[in-house]
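Have a look at this one before I ask anything.
Chain naming follows the written order as A, B, C and D, and within any one chain the residues start at number 1.
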Amino acid sequence: MPVPVPNLYPPFNIVRLSHIELVVTDLAKSRAFYVDTLGLQVTHEGNREIHLRALEERGHHCIVLCLGDTPRAGHLGFKVYDEGDLDRAEAFFGAKGLPTEWVERPFQSRTLRTCDVQGVPLELYCRMERLPPIHQQYALYKGVKPLRIDHFNCFSPDVDESVAFYNEIGFRVTEYTEDDVSKRLWAAWTHRKGGVHDIAFTNGRGPRLHHVAFWVPHPIAIIDLLDLMATTGYVGNIERGPGRHGISNAFFLYVRDPDGHRIEIYCSDYQTVDPDLEPIKWDLKDPQRQTLWGAPAPRSWFEEGSLFDGVTPKAPILEAQPIVAP
Amino acid sequence: MPVPVPNLYPPFNIVRLSHIELVVTDLAKSRAFYVDTLGLQVTHEGNREIHLRALEERGHHCIVLCLGDTPRAGHLGFKVYDEGDLDRAEAFFGAKGLPTEWVERPFQSRTLRTCDVQGVPLELYCRMERLPPIHQQYALYKGVKPLRIDHFNCFSPDVDESVAFYNEIGFRVTEYTEDDVSKRLWAAWTHRKGGVHDIAFTNGRGPRLHHVAFWVPHPIAIIDLLDLMATTGYVGNIERGPGRHGISNAFFLYVRDPDGHRIEIYCSDYQTVDPDLEPIKWDLKDPQRQTLWGAPAPRSWFEEGSLFDGVTPKAPILEAQPIVAP
Amino acid sequence: MPVPVPNLYPPFNIVRLSHIELVVTDLAKSRAFYVDTLGLQVTHEGNREIHLRALEERGHHCIVLCLGDTPRAGHLGFKVYDEGDLDRAEAFFGAKGLPTEWVERPFQSRTLRTCDVQGVPLELYCRMERLPPIHQQYALYKGVKPLRIDHFNCFSPDVDESVAFYNEIGFRVTEYTEDDVSKRLWAAWTHRKGGVHDIAFTNGRGPRLHHVAFWVPHPIAIIDLLDLMATTGYVGNIERGPGRHGISNAFFLYVRDPDGHRIEIYCSDYQTVDPDLEPIKWDLKDPQRQTLWGAPAPRSWFEEGSLFDGVTPKAPILEAQPIVAP
Amino acid sequence: MPVPVPNLYPPFNIVRLSHIELVVTDLAKSRAFYVDTLGLQVTHEGNREIHLRALEERGHHCIVLCLGDTPRAGHLGFKVYDEGDLDRAEAFFGAKGLPTEWVERPFQSRTLRTCDVQGVPLELYCRMERLPPIHQQYALYKGVKPLRIDHFNCFSPDVDESVAFYNEIGFRVTEYTEDDVSKRLWAAWTHRKGGVHDIAFTNGRGPRLHHVAFWVPHPIAIIDLLDLMATTGYVGNIERGPGRHGISNAFFLYVRDPDGHRIEIYCSDYQTVDPDLEPIKWDLKDPQRQTLWGAPAPRSWFEEGSLFDGVTPKAPILEAQPIVAP
């Protein structure tokens, strides 16, 4: 397979990933995790949902926690540049035979609900309620000091197909792994906003959400979170890390929320705004692509993910990669 | 004056600031400063010039040091999205009555030389020689571990005029200060690439270069540079900091190179990709806009800057702001 | 004057500095500062006093805040090795003609009240109520994350006399500054516990308390405190820093409490347990001894200090050092 | 078994651990590791040995690398308070029936060679050649910026016996683990210099050296070392971490030198100078005692260690603890 090629003149302009809806089974437990432990800020709280933002965000929400019977990922939210982009997006998705629907979402202007080529539920909007800046109210900084939502990561049963779809709508691959034998993509990281990714895909039964990530200021904030979680009853929720990814070069930590949704805490990746930035190819057999320092990820990290609400996952095209043993 | 309004559909697409040319009087001294002390990487070295890049950059250069008789700032370099943008830029600058010229620059494709409304020399190009990634060659990390060029800051004799010009070509103001009496802009920070600024302007005799800034990973890298400079003969080159700016929220340090050119070391500002990001207005009388922690800047920081080669500065429209006393 | 020589076989064994009593005029304001802002832990709270400890301490208190009409330093507390040391101390101070008295102090075993050669009130004890460890209850870490009391610093009108006295009781000088002309000590740092100092002395009208210092884990904690104080109404309480001292090599910050008592936040000095550790001599004309990075201290830092309760300060033997201008 | 009780009035005064002799099989490879990678400073270099010191040390050496045919730990070095302590030590060890010998060691005054109750070779001295301070020559700081040697850790076949011996000569236990069934000590940390340990013992075939540790300024230095080792051919030498120990509360990393000797990089433990400091007891079944954050250590970490030159290890009294599975 050739190097993935982005469409530098996409049919509509997605600015960045914006937010995620997570279905959770106990709002109080989720609040204790996301607010009291991670340090996200409540911007609206109802009986059945909580809206949260991170500390440098001025949009109303980057996570919507919705009460439900079963843990699920809801939709992935993206912000477009102007209202015309929404209409162009509707036309694009419709022409692909993908479902489109205009939905009402609190705190957002008109919102287009659709899905990607693998069925991942997507919601696109142009304007969200803007809130006053709080990034210099340092008394609010707690937990891991989350600054902004950074990216989504999904299992895809056909990464080539996923990447081709997102390339077409302007996402640019920054790093990727290829299966040596089949020459198919094993995993790829694609962005719009100028970091290593807004959304990444890994081969696996899917579509499923692997994780959503938050940007923090520096590794010390991640060490602080580890100390806090380890001594407040969350030691079992620490899944992997801290470490540095080979891919993306980010310093990372993976934790699980009370429903098992996986959250990455992330810092230190690099700027990717150049349209001619060359994607970095990694060898699937190189364990340093996952952890530069060599420590393997646990089995759960490779296998577990959140189902998308109403979406049945399919078996992946490529067989599961053997997990590198410790 | 109303809040500065960016042109969301500019006549051509500047991706980001790219590089600066600095005229220096002793290449060996400059090399000792930029390479051995700050930690920039040499990508080309001739008898009369040195090209440097920072550690996560793949373009050939972010600084060109040119030997000359008198310390001067040469031109400010910007990267455009595609070749058509260069032609559209030529037409735009020409229509403004500003000089345009196609120049040859080593390691760059065709380059448009022009200037802004105050006479600041600008050079625009689309493609620069790309180099292999070195951001994971950690043995190269020295000094302050500079990751990328971040922004330019210039004295302008008429900040309103400068900002209106850059607004027209798509730069968006993120933060600004207004003179209470005249309602004229005192200073403004404008960006293209999604950070707080690619270029900022402060009222003062100009145009002159106030500083060029480099992005580093975290405040500890800045503390390391202070320790290094303080004990290797550069203590007199430390001008201001470390501190946190109110404006931009960045953790900063200002140092002077052997010719007096001012370099900012910078980290921790915030993402600004939303086209509807509201500019933050600061009160000119609020000393925390300069240093959130209250410490005043020294007089030199307010008064000194590098002349642009061949450009005669003019007196500013607004009288000099009284320096806040310690 | 020769290099100060410690008595390696002192008449009694002081283990370390232990605590300070500060007279404050508004307990609520002091609590907001020491507990809510700095992050010290309340261990006892009465109508007229609050006892505090830092996060790794198991002794009951490192600060006792006492309500009073006028801000004053009370006494400096030291812990001795065993009960016999208290009796030997009583004999020693008595033989010097210094007042001694056995006093009752809550949470302490029998306590010897006396004073040093300049009249600084001292209290020595052997056993203090021990509390359970909290250093791994990371949910308690707030503010600057103070780990332990580190040292006292006092103005002395005769530093030679002060140092000779503390040398005699086993304090060892680690660094010092001498006046070139008179060959008298300008300032000296002396320790018992194996860091750069338990108590230091600077020439000046005295005795007065210059500051009491707390040890924190790393410079990031100090940056966090600056951000917090700057945005919660305490920007005027930030006096000096952050910076690195030449003397002691510590990364420091000086803040003032609501009554003007000076608190140093301190990390990164070095181990001094070797009995043959050579004191480091600094030139009084070297501004880097104060701030390695060159920034001068403000005038208040040189001139202001807390009076000791009931002690009238005397003029210093050496004339005031000219303050190094910015 | 009761809580281990130190002898507060030991027969002679050991100030601190001082240095270690390591037999290595390739001096060039060892130099590349200890000097170019870890950042230790060469103080003497011969054909068959290299002496190293860390950055804040003024004694001549903390490691002596000696060329030999087989990787071995040589002796553990300790510094005593005065020359009389050496004579008192000779009498003490002799009375125990342990071998004593006066040996000549370069850069040290007369040196007493002996061994502990398990046969660990020990060398005690009072004075070592003192070198000028380099802790403020920041251009020398490389690698992990090692500041000082911190502690030794040994496998002991009978931890109760080892601890009783070191208690008798004044080492105080700070933390320990007990086997629930036999009530024997599983592991214990003992100190002289006021940190969590100068030497620790873990149940296992022994005596063998588990590791020697170096103190670094903050966790960022450890992250820097990981990045450096991972990209300069040493990824296979990273054994465990980074993480926080429950016991000692230290932030740690374990790496292996080219001969397999284990080196710990260590920061953030706490001050222990109080003679009445209560030892902390940990449950052998609590995995957080090893890693507060829950990640298990690899099998090699539990099983492998360096033999002491000329000492045959014995089987441990307690059976091997089941390794906690990932």
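Everything that follows uses one rule, which is that a contact is a pair of C-beta atoms (placed from the backbone, for glycine too) under 8 Å apart; a residue touches a chain by one contact, two chains touch by 3 or more.
The chain lineup, named per UniProt: A, B, C, D = 3,4-dihydroxyphenylacetate 2,3-dioxygenase.
Everything quoted here is computed from the prediction, not taken from an experiment.
By that same contact rule, can you tell me which chains touch chain C and chain D alike?
A, B
When A-C is set beside A-D, which has more C-beta pairs in contact?
Ranking A-C and A-D by C-beta contacts puts A-D first.
Of all the other chains, whose mean CA position lies farthest from chain A?
Checked the centroid distances; the maximum from chain A is C.
Go ahead and note the Å separation of the Cα centroids belonging to chain A and chain B.
Those two chain centres are 32 Å apart.
If you average the Cα atoms of chain A and of chain C to get two centres, how far apart are those centres in Å?
50
Can you compute the centre-to-centre distance for chain A and chain D, using the mean CA position of each chain? Integer Å is fine.
44
For chain A, give me the residues that contact two or more of the other chains.
136, 218-220, 227, 230-231, 292, in rising order.
Could you please specify the touching residues of chain D with respect to chain B in the complex?
On the chain D side, the touching residues are 136-139, 141, 218, 220, 224, 227-228, 230-232.
Using the touch rule from the top, collect the residues of chain B that touch chain C in their complex.
Against chain C, the touching part of chain B is residues 219-220, 223, 226-227, 229-231, 235-236, 238, 242, 244, 251, 288, 292-295, 298, 326.
Which positions of chain C touch chain D when the two form their complex?
Per the touch definition, chain C meets chain D at residues 8, 15-16, 56, 58-59, 79, 81-82, 127, 130, 133, 135-136, 147-148, 193-194, 217-220, 246, 249, 268, 270-271, 273-278, 280, 292.
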